[in-house]
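After this come two complexes, each holding chain A, first together with chain B and then together with chain C.
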Partner chain A sequence: MEKTDQEQVAPEQQLTGAKKILSKLKQLVRPTGNVHEQRLRRKMKLTSLITRRLTLIKTAMFVIGYLWMVLLPVPQLGRGTFVDENALQPGQVNTQWNWGDVHAADLYLGQLEQMRDVNYTSERRAEWFKEQFSKLGISASTQNYHFQTSAANMTGTNAYAVISSPRNPGAEAMVISASWLSIIDEGAGTVNIRGVSMILALAGFLKRYSYWGKDIVLVISDGYLDGMQAWLSAYHTPSQSGLTADRLEIPSGVIWTALNIDYPGHSFSHLGVFFEGLNGRLPNQDLFNSLNRIARYTAGVPVVLYDHLDPREDSAADVSFSRVPSFLYNIQFVKSYLYQARNVLRHFGYQYNGRGSGVHGLFHQFRIDAITLFAVPATGPHGFHALGRTIESTLRTMNNLLERLHASFFFYILKEPTWFLQIGLYLPSAILISAAMMFHGLSIWVDAGWMKDDRSKSNEKSLSKETPAPEPEWKRRQRPVLDVLSIMAATHVVGLILFGIISSRLFISNYKNLGQPLFSILTTAPVMIIMPLASQQMFRKDVARRATILKAFNLCFASTVISIITVLNFSLAALLAILLGVPLVMSSSSLQTELPIRMIKYTAYAFIGLGWLLFAQTQMAQAIWDWQILSVWFAPFVCIVYAPLVLQAGISCLI
Partner chain B sequence: MHSTSKTLILWPLTVLCLAARVTGQEVFDEKLSLRTLQDGKVESTFTFTTLLKGTLPRDPRTLDEEDLSQHYKLFPLALGQILREYAITELHLNINAGNWNYDRWGYPEEKGVGTGAELWAWLGDGATKTVDERWRGLRNALAGLFCASLGSLDELRTTSPAETFTPEGTLPTWGDSLSHQLRHASLPSEHVCTENLTPFLKLLPCKSLSGIATLLNPHRLFDADWHGMGVHVLWREEQGIEMRLTFQSVSDPLRSGLHKKPDWSMQSLFDRTITRTCPVARTSEIMVLLPQNAAYHIRPEPSSVSGSVALYDVASVEKPLNVDLLFHESLTYPLEYRSDSVPFTVRRVLLGSTQTHGQLSVTITNQKPYTVQALYLETMPWLVQFYLHTLQAKVDGVTQDGIISNITYIPPVAHSRPTTFQVLLTLPAQTTVHITMDVTKAFLRYTEHLPDAQRGWDLPPAVFTPLEVGPLNLNDTNVGQKAEEKRRIYTSTLLVDLATPDFSMPYNVIIFTCSVVAFIFGNVFNLLTRRFVVVRLEEDKGKKE
Partner chain C sequence: MGQDFFEKNTNNGSGSTHTNNWAVLVCSSRYWFNYRHMANALGMFVPSWRYRHFVTNLLCKPRYRTVKRLGIPDSNIILMLADDASCNSRNKFPGSVYANPGRHLDLYGDNIEVDYRGYEVTVENFIRVMTGRLMVILVETFIDEEIGRHDPSVPRSKRLLSDERSNVLVYMTGHGGNEFLKFQDNEEISAFDIADAFEQMYQKKRYNEMFFMIDTCQANTLFSKLYSPNIFAAGSSGLDESSYSHTNDNDIGVAVIDAFTHYVLEFMEKINKTSQVSMQELLLCGVGFDLPIKYYQMVWGSGRRAAASAHDKPDSHYHFDSIDPAKINSNPGYRYDLFKRPMDKTLITDFFGGVARVEVNPPTVSSTEPLYVDELDDGAELHVNKSVTSKHAHEESDQTVSRLLFWLHSPESKRTRAWASIGLIGALIGWVLAK
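Then we have the complex of A and B:
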């Protein structure tokens, strides 16, 4: 058919331009001649196109990736928040919380202040909470818990109460909680006193209404994170290692959403929202969006992220950083950029180490969407009244839910309370870098498989005058895969041992002194073991060098790790992209460099990989605590995956 | 003239029919009992009993024959027809909303308080239609009658735990070979509301127009903390077929928070008073359980008071009747709730947050100073399957043998049959027994997912039946229960999360699935059908490019 068409057209000699193009297109779509050959040629062309420009492509990907990260806080990037789940209907109810309830909260506050000043033990405090709940006719109980691990030894008592929803089987529940210690300085000692009185006052208030479709569980957890972890663990799992806790006497149903209240100050000006959860999990954004709407339109309280006031709205926060000149700062774009950069960085800081930003984060491990409402301390104008209305309306919204919050609304970076980055706008930055690493690794791997033939070189010399550019003869050569894989496995085993050491009781109890020796042992041991082996290696032209292969594998593995981590914990992936991206690419395997230079390089890698043993000791102890109590996998990840990866790059400089 | 002659001809026929009809003498009694509970809530139980004197349930062997004609004066024909059509000997239907709190509210007057719908019936065997066919017909007919989703009480939920659900009446002995069989099913997600109450009221001889049934005001009943209706049909030897319609509710006079005294009146509870007597009722009485440890005042003066029960005879008291109980002092909630009428308290939870495995954990606290034996029954849909070898019982934290005995276990069949799991528990005096068992959660076929919003799957309550309530030599009068009065204790229902695709995004799901399938299919198809040839590339051509 095709051919006959062309034959008919060809003799006419009066082809218009359009027809020419058409026939060319036809040729492209249904080519004549040997189709297979053409396809192969096309493939080869494409491959050579990419391979010839590989360096350019890699560099471009690196540059774009890093630039993208820097550009994340650009105010124009992203979109406005919206409520996706129709069932939520935020802010559609008339709130009943009134000054009588505020008075009740004030009365509780008075009693709590006395208790705080007299320094009640947590057990006595919990008993008191239970009594207060019981006096309201609500089933209440206490739970003693005790954490006993190498990093922690904590005891406490939680109090909780369940308002059974009328006419409902109690198979579903929502939680309002307050931890005894406030989120300020991560539970450093400020008592969340108004948050706790709020819970008590809410108990008396919420039981008055019959429209609750889910049980309301009120939890006053002891300590900062430990109490809630013990409570949640007992609620959901048969047992947690290292934890001995009472069984919960009053069970309730499946929890979908939870609100944690943190109100340590006297009054507040803004409601801050903390949302990052354990292991980089985020709550469904609908919960945050609903709260945002309710606070703004029902209670008239502005919502902010964390405790960051918006410099464009609040003059109090409108202070330029010392390093930024004021004329530059006053440009609207710069001001917005700096504000959003601050939010994004804070978010990264909470997310990368998997610790989350507060008590709400503990809920996420059980698929419960939870956020912390933080009443940003100020001299005014808001207090119990506004907070109560916000919580009441939010609970009504949570009560409306017919199913768990879903709709893939779990991937986002909130840049402002009403502006966020979708997954498609931030994920490519880290993915580009990881892809560039993969390309680099693969190109090294491919290159290592070939060598220039010596004979061709000699031929080249003799014939150089006659043929100016002869094709060099390429010969395949062996690549020592098994050796390299054993080296890599060995480093990861070392990582595992390292993790075993630093989580042991002996090390944790004395980590400030033991960090340095451990660092020295771990950095010198590979040198001691590898160097003699490396010197034994005969330099053979027909076998690729181990260092080259190690570098290739190292890059490919690091790239894979980063790509996987992007969807689990983007902040960690971004950090890895920065820490591993360029440094791993820079590791050299050339034998020409002097040994001292190579040693310096190795030391640099050792510092990147294990420097935290020296410079971030408290964070290290914290990460171990997180792992043992909250099962945050950041510490084992750093020891078993990250540090070995960097060490591998270092070793590839040595051998 | 013509018509009279016709009547005259029909007369003997009518007489014949009368001779062969089902009806005996019919008696209707109504009763309302009210009591203030420990936490200030008020339990009201309506009981409407119709007795068909001297009648027998239909013999299943006569199912093929023409049935006797049914003429009732008080007994509801709609229900009578269903009973005779499927030859039901005994029938119990409960539809409840809420979770009965045994600790606070004590043992209920009507024992079927499991959340959701529960239907069980005893049917005689030996008919040409099998028991299961008749059971299916029965639940569909009742679904139509009561506007409830009883039709979904299908084979996936039907079990026969005959030891727990023993007949409350007598089972007739029609022949030697004729046995009776039990069918039981429960649907925890069923909710009772107005659409169920309206057909319920239609079964009453006076509807809700007069008598005690006037108080059945849906606006107030369905605002209560707990409410449930029940239909019970049973046969009592030497008396006849008894139909008992019940409605129970627990309302909270203190809910508004405005009053501190748990005062109640019919007006406040039901927003209605009784203005007329039901003329066909033989007895019509209101029983008020008077508070024991509080000063109170009751209006109007009861017809009689016996012990702590005030009795009103609706026929004789002055109308409109509005019983009003006033307390002198406000209620202080007790810090601990304990009920003497319940031998032990049970808590059942499903632990484990993963979508594949979990642990069923049951905690039973026996507060009595003697050992209690109880049957523990789980009728679990196949969605949750037990690992029986992990069954473990601990007494106050220590593993102990001899707690669990007589295990009856009918394993589930995936996609069709539920588990029946029954054990005999021996609960030592004043101890807490903790029973755990690992479970696995099923992976559903996509057509088995419910079409509506996905909140999870409701699992029916477990049922505990105390067998021996204490040794008989104990001089406690409350302890010695009558053997036939088997009490059942229902646990709360559970909600289980199974692995569920995000159905709210069908478009994305379709795109992803189709892409993956197309990708795999395309590759495999390509490899299978492709002919591999060697293609020689000409060097010069390559160079030109």
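Then we have the complex of A and C:
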């Protein structure tokens, strides 16, 4: 009997259980009662859930963000490259470049070597180039330029020629260029001698064919970056202060794509590709992918990033770092990781300071997709023949374009020639850190608006001590926003003045001596000004401390800056996330800490923010040069945005 | 008996009742990298050229001209090319279009007449050509027949002047999708548009039979909406399938022809004007076509055959492999439910070959006379009909005379005369013997 009873009960219970779940579900889907009230309650529930676990969420975001950055080179992360634009049709043509053309290049090379050895002036050299172009029946000209800024005083002469499209009006153009100085050591003095001979030989070769749908502009620019910058400025006629350059006599169309040739050595083993442009811009990936395909399958030349040979393919490059034990290095994963990390770091190095990796980068400011082909110096096996075929086929591909490159990726990190990270795979790392900073700043801001009420505490004490956990009473308090904002504005004004000083002729001409005094003045001045002010402050319970508010604003502002920079220049954003993320969160505003400790903290921030005045003086001078000649905004950004942000954190430790 | 005799001669045994052939060949896409679509359409222009083997190409020129003279004349072909690949500045061989690597035959070379070129190729113009409404002049004073006729200013070469005895070949190529084909780079024709245009053509008696062939991605969806009778349709690929190019020429630098069209044309090489190869052999090879389903994918190749294993016939039916899904990477499809004649009796030359047949009708003037009696009470219609019939009668008597004159010079008439004289002699001998 009992058994049967149980049996009868059990299904009933089940039924009620099921009913409960059903009714709960029903309530979820179609709530009864006041909908608005429920919505508000739901919201409050969610808010309290987040605020209760805020510390955990913040920490998790920081940890994941930094970990993500470390994991970027993991070989499994990313996807293979592919050619997206239909019109390109890369590598589908027979190339006509032959040994006769190679011979022509060799002849030019011989003459160029003579010119190099007798030290021709730029002007004479350019005249000679013009003469050679004219001999081939191509309209050519030269362009004198002169840069006169506080950081630079350069003169040079470019030579250029235009092969007009035989059967088209020439509304569009593509550029093949070579700078006189090679990319090796960033224009330190190696002459791009074979690159220039290649351009001359190509001129004679390309003219023979009638299928060019675009004008071909051949440019031999003087110097390393300066010549091309002057030529491009004159071509697109924006007025650049400090530059006086001749007008270009031979007009051509809108430039869509450009190839820069860099071939300084005797022969080469791989074609290295440099692609980073000014201010963190990247060329459309289709250009790189097309070239990669063409070089590999048409000319049989392996393509690498920069001059990094793949240790998994080339035994010459398969050398373990001294710090990595060989048994660890021989694991395929570690080897791939290290190789990709090397590429990613090189990319970061070129991108964060906005300078780009070569002459091609100058094209990007005019929305021209350009890359540099670097013939990685080696004893063999490739030479003019392979390079010529690659360039010819790439030009045919560029010639097929019907509109600007737009289909493929503009945001990417190339980890290998055929493997890259899309924006979605690297952007979140910096964004997570920036979001964590924002959360932290907001929580400080909210907390600063409340204080515990002392009176209620005393009441509690007098009433009964047994009350286990009396709820503390919270009261609103004032937050001194205006004071803090003026402090922040002051730091940015200081940054502006700093930028004015370091870009002045006086400072630039002997920055090595002036760096140290400037650093000391800038770091001590806030202490001198702020400390007396800080001591004047009344420690009132009903007004939040300035330091707290300053920290909150500082964090929120820094977070915003990082988020914005991520899409403009991810490498810079990542660097900011590392330099600002945790340090800014660590800045303390408590009064309990001793003054010496606070001073030490302040000094640390001063070094983070302005240490470059002492330790990175050449880079600083370089950044000023970049700003004045190439309009790279890295230097003003550091002075006006970055350094003040760190100083604010330091100041919040003092007051 | 005479009727039988004529039917036997005029129909070639295929049962087709058409007297003339028309073709509308459309390449709907622009741009240099779509070279192959222009080559497709131009390849169809002269369907029986040999284009693969160099040796045969040495003989190609005379053959090509012959085919052209005996095939559908240029005046009966409406060729629409949305772009001009031959004159593209990127073309290494200006003025030429080739469809094979090695460039043995210039499709553009001899006397190609492009009727609609460049931006003239639009959905509207295509539909207007098909339905014969190139320039509609709706003037009330015109009699009904005049409405919808061509503007006289549109040249004949741009018009599809077909009638109810015309077999029309419609070939389209371009970039397409599910139930649409892209025209130029800015508009599409939908499967419904095509179906409605064909229905109008049917109602206006602009065709006897139609063969609609299309080579584009998801091509088979484009004929899925057809509903007018006597249309046979074939496409290059099924729903969610792409149609692929066949081959590149490495000097031109782009793909020069699409796979489906390539194999169709390769098959066409074997066809000449008198060949008796049926449509079944072209498209339904190896698959029983009296299936109850409406239309379906062709099922050749090892991977695909399972689907139609029930209808598979012995391997002898695979004696040629003109369109193998494994080769073209898509499943070509066809639709025959609207078509009345059996496939194996329908000749390829019924659509691809040009036939200008003459038909002698018994005088029909007497048959129109009752009209007067039947519709006496309606004055207006009487008037119209009167004019129409009298016009008809006049035209027909003219036509009969000309047809008879023509017929007298044809080889058929020679044969008939020979038989007649034999019969006459026989009759005379019989008469003499009977005496």
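Just so we're on the same page, the second predicted complex is superposed on the first by the 627 of 655 C-alpha atoms of A that agree within 3 Å, B and C clash if a C-alpha of one lies under 4 Å from a C-alpha of the other, contacts with A are read in each partner's own complex, and residues count from 1 in each chain.
Everything below uses one rule, namely that a contact is a pair of C-beta atoms (placed from the backbone, for glycine too) under 8 Å apart; a residue touches a chain by one contact, two chains touch by 3 or more.
Computed from a predicted structure; not experimentally measured.
Of the two partner chains placed around the shared chain by superposition, chain B is the only one that A:R367 touches, whereas chain C remains out of contact.
When the shared chain is aligned, chain C comes close enough to touch A:Q89, but chain B does not.
Once the two complexes are laid over each other on the shared chain, residue contacts for A:A407 go to chain B alone; chain C is not touched. In the superposition on chain A, contact of A:T237 is made with chain B only, not with chain C.
When the two complexes are overlaid on their common chain A, residue A:L40 makes contact with chain B while staying clear of chain C.
Judged by the touch definition given at the top, the superposed model places A:G253 against chain B, while chain C stays out of reach. The larger set of touched chain A residues comes from B, when the choice is between chain B and chain C.
Of the two partner chains, chain C is the only one touched by A:G213; chain B is not. Once chain A of one complex is fitted onto chain A of the other, the partner contacts of A:A171 are limited to chain B, with no touch recorded for chain C. Using the contact criterion defined above for the overlaid structures, shared-chain residue A:L136 touches chain B, although it does not reach chain C. Counting contacts as defined above, chain A residues 87, 166-168, 210, 402 meet chain B in one complex and chain C in the other.
Chain C makes touch with chain A in their complex at residues 31-33, 88-92, 94, 248, 250-251, 253-254. On chain A, the positions that touch chain B within their shared complex are 34, 36-37, 40-41, 44-45, 87, 131, 134-137, 139, 164, 166-172, 204, 207-208, 210, 236-238, 247, 249-251, 253-254, 365-367, 402-404, 406-408. If you check the complex, the residues on chain A that touch chain C are 86-87, 89, 92-94, 165-168, 209-213, 396, 399-400, 402. Residue ranges on chain B touching chain A, taken from their complex, read 39-40, 97-99, 101, 115-116, 188, 191, 222-227, 252, 254-257, 332-335, 337, 347-349, 351-353, 359, 361, 363, 434, 436, 452-456, 458, 492-495, 497, 502, 504-505, 508, 533, 535, 537, 541-542, 545.
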